[in-house]
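The data blocks that follow each hold one structure.
Both complexes below contain chain A, partnered by chain B and then by chain C.
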Partner chain A sequence: MSARDGFGQVLRGEWTKLVTVRSTVWCLFLTVGLTILLSIIGAQGSSTNVGDNAERLLEDRFHFMHQPLDGDGTITARVVRQEDTGDWAKAGIMIKQSTEPRTPYVAMLVTPGHGVRFQADFSTDVAAGAGGTPAWLRLTRSGTTITGFTSPDGAAWRQVGTAELAGLPRTAEVGMFAATPASGTRVIRRGGSTTSSPDYEPSTATFDSVRLAPAAGGPAGAWQSDAIGGGVEFADGTTLVGEASESGGVFTVTGTGDIREVPFTERGDDDIVRNALGGVYLGMIAAAVLGVLYVTSEYKTGMIRTTLTASPRRGRVLVAKALLLGTVTFACGLVASLASLLGARPIQRDRGFVPPFYPDPSLTSGTVLRAVFGTAAFLALMALLGLGLGAVIRRTAGAVVAVLALAVVPGIASSLLPVEGEKWLQRLTPLAGLAMQQTRERWDNWVSPWPGFAVACAYVALALAAAVLLIRRRDTA
Partner chain B sequence: MAVDDLSFTAEPGEVTGFVGPNGAGKSTTMRMILGLDAPDRGEALIGGHPYRTLRNPLCEVGALLDASAIHPGRRAHDHLLWMAHYNGLPKSRVGQVIEQVGLGSAARRRAGGYSLGMRQRLGIAAALLGDPPVLMFDEPVNGLDPEGIRWIRGLLRSLAAEGRTVFVSSHLMGELEGTADHLLVVGRGRLIADTTVRELLARASGEQIVLRTPARSEAMTLLANAGATVAATDRDTITVRGIAPDRIAAVLSAGGLTFSELSQHRATLEEAYMELTRDEVEFNAPTVGGTR
Partner chain C sequence: MKHAPRFRGAPAIAAARVSERGMGVTALHHRGGPGLVRALHGEWTKLRTLPSTGWLLLGLVASTVGLGAVTTWSIPTDCLDPDLGCREDLARVNLTGVYLAQIAVVVLAALAVTAEYGTQTIRVTLTAEPRRGLVFVAKAIVVTALVAGAGTVGVLGALAAGRPILSGNGFTTAAGYPPLSLGDEPTLRAAGGTVLYLLLVGLLSLGIGMSLRHTPAVLATVLSALFVWPIAASLLSGEWAARVMKYAPMNAGLAIQATERLDDLLIGPWQGLGVLAAYAAGTLLTGAVVFSLRDA
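This part shows the complex of A and B:
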């Protein structure tokens, strides 16, 4: 007796059941239709003005302990220690046209994650090999040409890079600086309205052996401390300004911010793929109801007895139902997510989400494919969650309430809760499966794609296991 | 407890009637045979195997349990089609059984619009789908019109005549009169009688004699003294057991009493059944006045 033969028969019978009742076919249409509809509506309701400014955007924010340097000269310093607040935290020496932000500069610097570097004018970046602190750094000005050096011991110097700063005035500012890029996002939520700003953790660096040649006339008091770019301001209204001090030839500089050209793709923070697939929040309701109805309609009418008379191996019946439902909703979900993505994209472009700020998603990109297939898989999981809960509860109303409470209510509640509450709801409820839609770093990516998907799968596995266990043990009367 | 220690065998080629009052455990017994309810102890076997182990059970046992157990939104034809697929039966069987139960013109309608009688026919079609040697029908006559009742009686007889084991439950004995060969009578989950129709009738009729006389109480005294068991059934009627009719006539003549009727009582199946299940009806109406 081959069990597989029998299983194929049950599958075929379940397919006949699924497609010969209007309500289940309608639910499938609704799953697809509502997903696309809400995705389109969501795209129409979105907007950005990121494309209004097509100029380069320069970020120039750091703390600078500096003094003027008249004509040609050299600055040498040793970075004794740098606080590791991120791979791209920067500490080093700089020659800059003035203390105005976004003016030309040349810097030799160390980073915790990317070694010693020579950088100039927001575009030049030369790596000088690995090497943490302490690090010897030197910059030499000759006319408008500035050359950077590094040394392991302060004796043997190696040239790293050279840059030409056209129009550099005779007197430039020279000194030590510290900066650290945003470490995350600070989110403030008041009454359901959310504002976010980059969050910074200031980085402190200490320098010694600072030599300026020709030596400035005055004493050390000639050094000035300035927050270039004026510190950072957070969404909650607080500000963070760096500081610098000198004591016995040791300089301590604490700063936040970064010195770079902001890439176009970082100038807006929307995840347009995820937004284009946002209709899943509506489609998932139809999918879950489909899963519930697919099994509770049998209990409601008593047809389950006919089913189990036609195939008394009950676990196998449920497995066949799950396999069929999962496959069918996945296929429909794929149609829905592809149509959503392709349908929403032109609207998004009309609303300002244009290249190069928002490049068109490519269906050959791994993350985009993961989002598209992940959305379809999520819809299938919701249908299976409905199936499992429906088989356990056996009443349509009760099972619909249960599945909505588990999978839909957290989505609504999470935008009203404090951010900490949202974080855990998105991590621990079946909604975690929607992490598959992420295609870029964002502050509200509370869980990574695959772990989130695993959480959703775990709920479904639990519900189906309980359903199989109970259908085997319970009388069907 | 719906069913307690109920054992019986239904034979091929016979219609076995399964009768008892509502709540006697008939449906529960059938559900246990079909593996839908689990008995606490013991087993139900079909051809020596538990139902659960049957590979294509519809080809072994066809059952009509509850005619309403169909999805109202599904067409009758599709309802039978998924069942056929479940057991690897060809689609042609669906058309055949639909014709067999006379639903041909309604097969493409949704079952939700069916009358109870049509649903019974659909349920019977489902039972016949796998052409099984064993058939079980729970109250198949419910909801059928007189023409339908005649049709189903003929169907049951012909299915038995084909050598199948036909097992039919009913709470009305009259429904089975002239149809069932063999009778299983249950009450409160126990088997009360396992018998043929003829035996049951004979037993119920017994030696009972109906006597109609204007002098009821005198006659009762005389006959009781003669050793008979007597019971007053009406103002002028007595039933007598334990002595022969000619002896009754002699006793009454000796006592100088007249009588207008002295006849052998012939019980109907319904009466025999009432007699058997009198104590088994779960919710007996209280007896008002009179003697029993």
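This part shows the complex of A and C:
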């Protein structure tokens, strides 16, 4: 084999075509330019008023089986069983100023994923080591000081934490509670409009050995069942209210919600990194057209015959094309995504996406890097999809339409389908590759980053495999 | 798809046929046939003999009926429960196929222009008929006629296919959903409006085709103009998102399909179609000016 026949020679030939054909150079330029342009326009047109309220935001929603406790006293209970509806589902005992939400409280509680804990006033959180149910819990009030204890057997007690609740009235509410944070998002599409709300799976806990000292004045019926903060209302209009009951000394409490301060980063739900990279929706069209033209223009001008005469091993020609196109588009895509992210950020800040609600994305963060590189890789994949379909179809018009119909249209038509249909369409089309841009949990993340990327790669692999197979078997038209 | 290697495909065949007719054109002229009729005849022959035309029209009809049937079948039946107080827009969902069908229209209209530039048949055309305005009008009429015909078949097919699916899923007169019928004014507006929408998209594509002349450039531009705006709107918030959705060609134009909750629309059905018509008129005008001033 002479040197001229080597793979390096093929690569060089394809490189020359890529950088000297006017339309492919234009497409590369447009891929970068349009991506940045739409990203900046998108940032200009976005806004949020999340920063208007800088006060603490407290979530206080749970189900409470309680009765008043007059003055100092102690409550003891054993959590026999807790339904595992999430790592942070909570079941335990509480002393709370009143049944009004967001009033001060102290609680000893058990969680499925984070053991036994002492929590107070939406800020104190003390871990008492691992250990699930059954768990013995105790709270003792002395003046405005409340101390939490836990025990493996109900005999030997260990102090976990203590908290001072300034202004705690003489009579406070005391009892057993259950709560579980949102497990996801419930999306309802009905009559053409889409609404979403947090979705909850209620958690049930059972308690026994409940002792109140000094003993309650009234009969056992003095226990009252209340949904603190009200029930949960879903987007579809249904509501979920917890419940509590007592039978033979065993208490069953079912509740939803959470007791915590909502962190600043959860107060707004925009994924600012994904939004800053939104220009990819325009750039991907230029990238796909680039891939198509890189091969169909050779068919149009008849150049392909010269190419394949000079290098008769046809599969290798395509491999060389794919390698070069992929590398060059990825490099240009990286420029585009970095420029979009850095260019859009100051604008986003002006539009209200400010720290601490929206901290500046850091280029050392794994998810941000995944989004930046993933966007570049997605553009490269679109170019390769165009290349594969271009080599299969050989006509510019047909291939451009095929690649856009496959990659762009489903994303739009899907909003007319029922939510399940949209979910699967987004998972199964090449657009799934854009899941790499996710940097936070959102209800419309239908597919996780890497599986979504794998779906896009699978399309490209199929198209390129078909192209290699066909270019070997077919006459050059 | 047929291949004619030496002539690089069918546009060249069309070119050959047109030049065969060169003598016939003269003969017709002597017989005093009006210029537009001849121009129309020439354009009709060129478009008819592009192998892609048949496939595209078939695709237009098939996607209108097929995608319409699938989405109609998938309409959630929740709203059949009168307590929920919601209503599904059956006609609109039934005509969802237009989202795919418009791609065929875009390609058809683009190729009606760009195929001629690709093969340089345009020079023959303009030699035979130097009045460029006439050629332009003839192209627009032929494209419009083809799209109107196929669009009507597709829309009627979608409605016909949708009726048994809907009644099978419980959307019956008793449940407050009478069968989709062109006798109802809103359904007629949605169905007729869908055909008009496809015509306008064709004219938009034709106008941009006249300006840009290169197949990939035209397709990428028109398809981006149609499909990218709704995605871009999802990046925007509030007022800007509403503005984009109100004036983007596809969203505005397809407001004509709404038969329920017209008050919730960002733009009224006819106003929306008017926005699309304005875009089409703008690109046609630009295309016509460019076409008459520029060398072929």
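Here is the rule we use: the second predicted complex is superposed on the first by the 467 of 477 C-alpha atoms of A that agree within 3 Å, B and C clash if a C-alpha of one lies under 4 Å from a C-alpha of the other, contacts with A are read in each partner's own complex, and residues count from 1 in each chain.
Note that in this section a contact is a pair of C-beta atoms (placed from the backbone, for glycine too) under 8 Å apart; a residue touches a chain by one contact, two chains touch by 3 or more.
What you are looking at is a predicted structure, and each value in this text was computed from that prediction instead of being measured.
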Overlay on chain A: chain C relative to chain B, clash or fit = fit
Report for A:T20: first if it touches chain B alone, second if chain C alone, otherwise both or neither.
-> first
Please work out whether A:A465 is in contact with chain B alone, chain C alone, both, or neither, and reply first, second, both or neither.
-> neither
Chain B versus chain C as contact partner of A:G278, first or second or both or neither = second
Following superposition on chain A: angle at chain A, chain B versus chain C, Cα, nearest 10° | 40
Looking at chain A, which partner touches more of its residues: chain C or chain B?
-> C
Thinking of the overlay built on chain A, is A:G421 touched by chain B (first), by chain C (second), by both, or by neither?
-> second
Would you sort A:A310 into first (chain B), second (chain C), both or neither based on which partner it touches?
-> first
For A:G302, is the partner it touches chain B (first), chain C (second), both, or none of the two (neither)?
-> both
Please work out whether A:A54 is in contact with chain B alone, chain C alone, both, or neither, and reply first, second, both or neither.
-> neither
Figure out whether A:V289 sits in contact with chain B (first) or chain C (second), or with both, or with neither.
-> second
Considering only touches as defined above, state whether A:G45 meets chain B (first), chain C (second), both or neither.
-> second
Quote the smallest CA-to-CA distance from chain B to chain C in the superposed model, rounded to whole Å.
-> 8
Can you list the residues of chain A that meet both chain B and chain C?
-> 23, 302, 475, 477
Residue ranges of chain B touching chain A (in the complex, touch as defined) = 28, 31, 34-38, 51-52, 54-58, 63, 65-66, 68-75, 78-79, 81-88, 126
Can you name the residues of chain C that touch chain A in the complex?
-> 1, 3, 5, 8-9, 52, 67, 71, 74-76, 78-79, 84, 86-89, 92-93, 96, 99-100, 103, 107, 110-111, 114, 118, 214-216, 219-220, 223-224, 227-228, 230-232, 234-238, 240-241, 244, 260-261, 264
How about chain A: which of its residues touch chain C in the complex?
-> 23, 38, 41-42, 44-48, 189-193, 237, 275, 278, 281-282, 285-286, 289, 292-293, 300, 302, 395-398, 400-401, 404-405, 408-409, 411-413, 415-418, 421, 475, 477
Once bound in the complex, which stretches of chain A touch chain B?
-> 1, 5-6, 9-10, 12-17, 20-23, 297-298, 301-303, 305-313, 475-477
